[in-house]
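In the two complexes that follow, subunit A is the common piece, with subunit B as its partner first and subunit C second.
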Partner chain A sequence: MAHGIKRKQHLAAYAFVLPFFVVFAAMLVAPLVYSGYLSFFADRLIGGVSFVAFENYLRAFQDPGFLAGLGRTALFLVIQVPIMLGLALFFALALDSGRARGSRALRLLIFLPYAVPGVVAVLMWGYLYGKQFGLIGQITNALGLAPLNLLSNSNILFSIMNIVTWTYVGYNMIVMYSALKSIPADLYEAAEIDGASQWRLAWSVKIPMIRSAIILTVIFSVIGSFQIFNEPSLLLELAPTAITQSFTPNFYAYNLAFVNHDINYAAAIAFLLGFVIMIVSYVVQLSTQRRERLS
Partner chain B sequence: MTPQMTVPATAPRRKPFNRERRRSNLLTVVMWLCVAYFIVPLIWLFISATKDNPDLFSTFGLWFGHDFNLFANIHDVFTFQDGIYLRWTLNTIMYAGLSAIGASLLATMAGYAFAKYRFPGDKALFSITLGAIMIPLTALAIPTYLLFSTAGITNTPLAVILPSLVSPFSVFLMRVYAADAIPDSLVEAARMDGAGEFRIFWQVGIRLLGPGIVTVMLFTLVATWNNYFLPLIMLNSGELYPLTVGLAQQEATSAAGGGAQALFSTVITGSVLSIIPLIVAFLYLQRYWQTGLATGGVKG
Partner chain C sequence: MRTRASRTAVALGAGLLTTALLLTGCTPGASKPSTSTVSQAEIDKAMNTSTNLTFWTWVPKIQDQVDLFEKKYPKIHVKVENVGQGLDHYAKVRTASKAGNGPDVVQLEYQFISSFALSGELADLTPYGAKDIANDYVPWVWKQGVANGKILAIPQDSGPLGNLYREDILKSAGITDPPKTWDDYKVAAQAVKDKTNSVIGNMAPNQGAGWLGLLWQAGVKPFTYDGKKSVTIHVNSPEAKKVMAYWQDMIQKNLVTTDPDFTDEWYAGLNQGKYAGWLTAAWAPVFLSGAAADTSGKWRAAPLPQWDPNKPASGNWGGSADAVLKTSKHQIAAYELAKWINHAQEPALLFATEQHFFPTANSVLEDPKFVGDQPAFYGGQKVNELFAGISKTVDPDWQWLPFMEFAYTNFNETFGAAVAAHGDLSAGLDAWQTALVDYGTKQGFTVNG
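Now for the complex of A and B:
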């Protein structure tokens, strides 16, 4: 009897997860496997499509365009992610301390850019940067400063970092702020009464308590950085010399597939990119775990 | 994310204490200065939507131009190419709406099952779902395009909606949420009363999962609404474009210059109009997504 009930419940559970996993298999697993499969072939002028084993991957490792794109992404990761998450953490702690006036309005206004579609954000910043009627140019002009070309080869990466920071600080802030809100107050009420400063409180109580939320934001930022596509794709028109075909790995994969029609190599690049992301996210998790064990 | 899964149940929300504590003027000033960075670009965009093309070039960006042209611009937006902007808007609503409803339904059912049932293979299936959060969706877009083109469904709405139905993070969020929101005792009591498993889900589960479902729906809605890469790859006829691809193409035409320059004010006004529904949705539903995100963040 009890066995029959258990069985009925198992069946119900499978029925609940089935629809998700059917779509999961079709829309996630199948393309992933297909991409892996494609990456082992090459389409040549002479001889057509043939199995080439790891040749596409070897080619990628020697492809200066791909490597430069990967390096650019790594640079982006090392500079932009700490700035963005540092700002988000500062804002979250400041709002949580309740010492700034108008906290509620501040929170919503900082979050607002997240509701702006990426495409609109890039178009808008493109206009702001641009020479034609850019606000930044108007301001530097009015102040009598030398015009700053934000779309030049050496500045474009930083201009893109700014767009991404602008869009995502608020989202990350909300994740951290929500985590801060769920720390039980008595944990640091005592410290506050003892006269511990807000900085000390943040550093020794609050930040350790929201570690898991912070790690979550780091991992999502890593994944996001490696997938940058909108910015180079939409700024191309404004900065045609600064943005190369392989500006970011994702943009490169797109160009390989849809401009060069080199599907197999594009699949290899996409697959490699996924692999790199998994490794970096894994390293982030692993390093934070070790720190936890040591402390 | 996996290692943090065992964090204990949510602590009671902190009570507001010490309300009359010291305000800091310095912090207030610093914070409002920072807010300027987030808001000034949007103010510029809204003000620019009230200008005609010559004013865009000749007047200062943060103040109004010689004429107030907002309504003329809106008229231009909706009459451009026989009103294709309205078409793009409807497409966006359809793609984002169907994807959000579908993805939330799938995620809610799966998350509920992972939270409330122990069944053979549950741990393995959940680990696979967690691992999939790391898979960059854009790495999948190109092979998905190739598979879809074999199946003959590229350049149809399905090509944009189907891939958007999978949201592993939503499953994770719903599992965490359901574990807290639905007491086991309630499920047991319903079983004692002779309710079937599906009835329990529809009548007990769904009701208690409300805020979680709204959060997941809102974020999948935004993800699809804002998606550019997928529809760019999948669609090639203008009348199927969502707003993102449509606006980007319009901008490209506009930037290509020549006689088409008159488009700048149209693109800017079109951009402003496309943001408004999402801002309204976020403001209106803030109570939900803020608690929903707390669940994901605290236990993430």
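Now for the complex of A and C:
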């Protein structure tokens, strides 16, 4: 009898998740399989479609554009992510300590850039970056400094880092802040009885307690870095020669598909990018887990 | 069945016309003759059958021309859709055309006609009588819409190159006449740099089409395409390098700036007199009077400086045509739309006066309403008349690659990057050449270059 009820419950559970799986299969698995399939072909303007097995993948490994794009995103990851998450953590701790006045307004202000649509943000920064007529240019002009071209080939990556940091600091701060809020108050009391200072409290209690939230933001940021697309795509108008077709791998895949009409190679690039993201995320997770075990 | 019906229609006399029309009627609206010529009766019938056409274009206010068309052919309903501009538009046209549900008529810039011709997406307009109107257009423009003996597009507007300059700034540099030759231009540029706070012009590193226009003027032929499998690519030919050596010197001496164009910075530069001139196309005079309204009355127009003053020449930058997609089920009506709005005097003249397009039809180029215009922005100079004259000096033998989308984006990161960095333009051309040859070869073309 009890067995029968359990089976019924199981069936009901399956019925409830079924709609999700249908959508998941149709909208995610099927396109993924299809683009995997596409990546084994080549469609040339002359000669049409032919099966080429792993040729697209081999080509990617020798494609200086793709490799340089990967290198660029790796550089982005190494520089921008620590800065952004460091700032986010600092703000979260500062707000949580209750020392900052008007912390609600501050929280909102820091979070606000995340609410600004990415397109608007990039256009706004693009304007600020203008060499001669932009705000930064005018300030350097007024100070009698040489005009700084923030949209030049060598500076554009850092300009993009700045935009991304500005946008996502608030978001990451909120994630960490809400984790801080859920730390049981008795831990603080215990630390206070032990005579811990605010700094000590932050370092030895708060940060370890929100460890999993921080790891989450790290993983999100790693994935986000490899998927940078909006910023180069929008800044292209303002810095047309600094942003190359293969500026980031994601942007490259788009250009290959829609500018160069090489959908098959674009699919291969997209798959390789997916693998790279998987590997890097896994390494990040693994290393944090190991550290957890060691401590 | 269909072709036989139309042949019958031509062969039989007027008495049997009704029968023929009945025969034609067996595939109502779906008229797709491929080889034979379409008879006037068939055209009349198509234009009197209730039909819905879709027209993809990004021309502003083109509804005005379409309204005129619908007034003339009340049975035809045209839906104008703007699906984006330039590359966005082309990507969507390709996708829709591949899926078989594309629009009937599409706007195409001249430089992209051959890439659509290659993939066989355009209908040959010859059977619909397009040959009959060939002589009504400036020859070089008409040739841009012809590939492999097939007429693929009806010209709408063009952009022969000229020189717009600030008379006041040149005057304060001691230059009273616009530079006649490129040597004069360099001398004037030096004077402008020495005596004013301006530069004689800006050479945008991202404007592949503009740079190609300058090569076009110099008689360089970097591309050829036979309409099938072979392309020739010679962007780094000695002739091209000679032109770029001139600009290398101009850039190295800071006689011109190299800011990207159509950006806020660039607009400000035009308004504030940073640039004393702009080597640009015939669509630019009106555009400029809006973009740099503060400087009204100070600008003048002239032909491009020449390499050989005895053989005045110009190139082209921009402009587009209207083509009919092969997937269209109403090709007769679609052709009539593409033809009528660009050929009949009223809508064609409207393009010149309302949209301020630079015309391609002889009748508009000679219309006093067009050539007699004396805009105050240019101190009352008859700018249209000047450019109408320039249009006749454009070399008719220029060809495009069937993959200009790639060519332009790659231009920006090779040659354009060299311009922006004030680097080696000759090496930039070499890099562009290598990338183009590589792409062409990978795409299966027989590349000569």
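In this text, the second predicted complex is superposed on the first by the 285 of 295 C-alpha atoms of A that agree within 3 Å, B and C clash if a C-alpha of one lies under 4 Å from a C-alpha of the other, contacts with A are read in each partner's own complex, and residues count from 1 in each chain.
Just so it is clear, contacts are C-beta pairs under 8 Å (C-beta built on N, C-alpha and C of every residue); 3 or more make two chains touch, one makes a residue touch a chain.
The shown structure was predicted, so the numbers you read here are calculated from the model rather than taken from an experiment.
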>> Going by the contact rule stated at the top, is it subunit B or subunit C that touches a larger number of residues on subunit A?
In response: B
>> For A:Asn255 in the superposed arrangement: first (subunit B), second (subunit C), both or neither?
In response: second
>> Taking the superposition on A as described, I'd like to know which of subunit B and subunit C A:Asn155 touches: first, second, both or neither.
In response: neither
> Touching A:Phe133, do we find subunit B (first), subunit C (second), both, or neither?
Replying inline: both
>> Let me test your reading of the model: by the given contact rule, A:Arg44 touches which partner, first (subunit B), second (subunit C), both or neither?
In response: second
> Between subunit B (first) and subunit C (second), which, if any, makes contact with A:Met278: first, second, both or neither?
Replying inline: first
> With the two structures laid over each other on chain A, which partner does A:Leu238 touch: subunit B (first), subunit C (second), both, or neither?
Replying inline: both
> In the superposed arrangement, what residues of subunit A touch both subunit B and subunit C?
Replying inline: 127, 132-134, 237-238, 258
> Where on subunit A is subunit B touching in the complex?
Replying inline: 8-10, 12-17, 19-21, 23-24, 26-28, 30-32, 34-35, 38, 87, 91, 94-95, 97-102, 106, 108-120, 123-125, 127-128, 132-135, 138, 142, 166, 169-170, 174-176, 178-179, 181-185, 189, 192, 210, 212-213, 215-216, 219, 223, 226-227, 229-230, 233-234, 237-238, 250, 253-254, 257-258, 263, 266-267, 270-271, 273-274, 277-278, 281, 285, 289
> Which of the residues in subunit C come into contact with subunit A in the complex?
Replying inline: 87, 91, 94, 118-119, 205-206, 229, 259-260, 262-265, 268-269, 402-403, 405-406, 409-410, 412-413, 416-417, 419-421, 439, 442-445
> Where on subunit B does subunit A make contact in their complex?
Replying inline: 1-4, 7, 10-15, 17-18, 21-24, 27-28, 30-32, 34-35, 37-39, 41-42, 44-45, 48, 56-57, 60-62, 105-107, 109-110, 112-114, 117, 119-120, 122, 125, 129, 132, 134-140, 142-147, 162-163, 165-166, 168, 171, 197-198, 201, 222, 225-226, 228-229, 232-233, 243-245, 247-248, 251-252, 255-256, 264, 267-268, 271, 274-275, 278-279, 281-283, 286, 290-291, 293-294, 296-300
> Touching subunit C in the complex: which residues of subunit A?
Replying inline: 44-47, 127, 130-134, 152-153, 237-242, 244-245, 255, 258-261
